[in-house]
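The following blocks contain the structures, represented as structure tokens.
Paired with subunit B in one complex and with subunit C in the other, subunit A is shared by the two complexes that follow.
Right, the complex of A and B next:
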């Protein structure tokens, strides 16, 4: 049975800029990943350490697999900060290609200039 | 039959070879296995690495990984100080500011109150006049023939056939 994602809802929304449900959900996942990362890494270390007894390693495997999916770093998706889109998001600017074009043309991105030759 | 070299090619391998300096010989020092292990051990201690000469799988690569959480959590811009916070801060001191949103809200309430009053007034008006007929909003009067009889109103199709 899957555990409720509402465990990771924040009491108060701490986001500014473009916000929609999917952005909030992704942000919740990011917070959960940050919070549970040491725990996950400890379990991963135990699983990979062959000097530990097999029972301990098996228990660690079980515990890791039973953690909530929101604590998994692969759940995180880079979304556009200005529009919430997921596709073709520039990692350096955190916005997608269309927002990048609009903002660059209007001069909101310092150092970005339209190439012409 | 000997092949003649092309006049464009200059063949002087000997000269080029002489320009390259001779490679220095590596000193070969025989070191015992225990000394080598000691060296590696010291190296590991200095650079805080895991000394593992048997190459066992100890999972230390997991511990060596950097935590990605803080970088992932910092993707979306966080909420900074808003005008509302400023207002809330100075409210206990009795200092108020012009709040456009609040002003708009009050205006909307005022508007809605006016609208309700208007609706009530209309209702009262209708009630006092008692019927729509009095206000000239009733049904049109029925058509009368030359004989002074009222044509029975039984539908659009039948009425169109009757002679005038």
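Right, the complex of A and C next:
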């Protein structure tokens, strides 16, 4: 009856680009969420369906609460693909504000220029 | 790119002479040249003669003028092509190309219409840590052009889009909305085409179905207790 996060480790590292422990962990969570989404949705449906007997709904609630935290979609956090930073990551470019500035200044982001108006 | 806006072929000829600034070394046409000279003349000579007694092919001349257009008979929009780019030159050039290609496919076209620019701005601190007082602004301006095809044949429109995709220009994105029109008794024609569609879909639909043991009698308890869920419980 272990709840080890190591269950979600892939056999081989399926990541490229900037990699550190926290990036790998986030990736594991993403894969776990994707894999267990149908189960979560089935249980959620059972819990909310008032036409089902109470015992079924209670059992579904228990099972949902017993699922591993990694299968929860709220566990996923966007991280910078260039530095692994979590804060101030732009959705448009998937990079951190500082990486954005560096790459924009060196012309790696198409169309992004210094603005003055 | 096409700064030359002259319409008549005569004007284009004049400008061509200006464009090709090669001295006309050709001898007087009244004196026939000796037969020992090669039949095909040098490039400089041939280009020099362009303004005088020869001309470029019409299709090449057309490049120096405004794009030719077909006239729309009914004005029914059939296809909206939106071009997007971060560079003015690219999007202008490709819009012009699209209009010219439409002419040769016999498609009436309107545009290119300049749509509003999309301006995205970001303000970021210059430093990687604190120092919020010193920031920097960045922007990305997306330029858009709309090219609309009017009452064209759907197959010709497809060919036009395929041609544009084949010759896609760097840094220019394309997005097309296509409308197809049918006669009023569209239901009848759809009914007629149904058996053929069913035949082609048969192999796909055969893969859908319900298990025979999947009945309402089966209780939710069983579902919750079955192997798949039970396996997960130990996780």
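Assume the second predicted complex is superposed on the first by the 115 of 117 C-alpha atoms of A that agree within 3 Å, B and C clash if a C-alpha of one lies under 4 Å from a C-alpha of the other, contacts with A are read in each partner's own complex, and residues count from 1 in each chain.
We adopt the following convention: contacts are C-beta pairs under 8 Å (C-beta built on N, C-alpha and C of every residue); 3 or more make two chains touch, one makes a residue touch a chain.
Keep in mind that this is a model prediction, so the values were computed, not measured.
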Combined model on subunit A: subunit C and subunit B, fit or clash: fit
Partner chain(s) touched by A:86 [first = subunit B, second = subunit C, both, neither]: neither
Superposed angle subunit B/subunit A/subunit C, CA centres, nearest 10 degrees, is 80
Just subunit B (first), just subunit C (second), both, or neither: which does A:94 touch? first
Does the superposition put A:7 against subunit B (first), subunit C (second), both, or neither? second
In the overlaid three-chain picture, which partner chain does A:104 touch, first (subunit B) or second (subunit C), both, or neither? second
Using the superposition on chain A described above, determine whether A:46 touches subunit B (first), subunit C (second), both, or neither. both
Classify the contacts of A:67 with the two partner chains as first (subunit B alone), second (subunit C alone), both, or neither. second
Look at A:56 in the shared chain and tell me whether it touches subunit B only, subunit C only, both, or neither; answer first, second, both or neither. second
Figure out whether A:115 sits in contact with subunit B (first) or subunit C (second), or with both, or with neither. second
Look across subunit B and subunit C in the superposition and give the shortest C-alpha distance you find, in Å. 15
Touching subunit B in one complex and subunit C in the other: list those residues of subunit A. 46
Within the complex, subunit A is touched by subunit B residues 56-63, 65, 67-70, 72-73, 75-80
Per the contact definition, I'd like the list of subunit A residues that touch subunit C in the complex. 1, 3, 7, 36, 39, 46, 52-53, 55-56, 59-60, 63, 66-68, 90, 92, 97-98, 100-101, 104, 109-116
Write out the stretch or stretches of subunit C touching subunit A in their complex. 86-87, 120-122, 124-128, 136-142, 171, 220-221, 224, 229, 232-235
Contacting residues of subunit A [partner subunit B, same complex]: 13-17, 23, 26-27, 30-31, 33-35, 37-38, 41, 44-51, 73, 76, 78-79, 81, 94
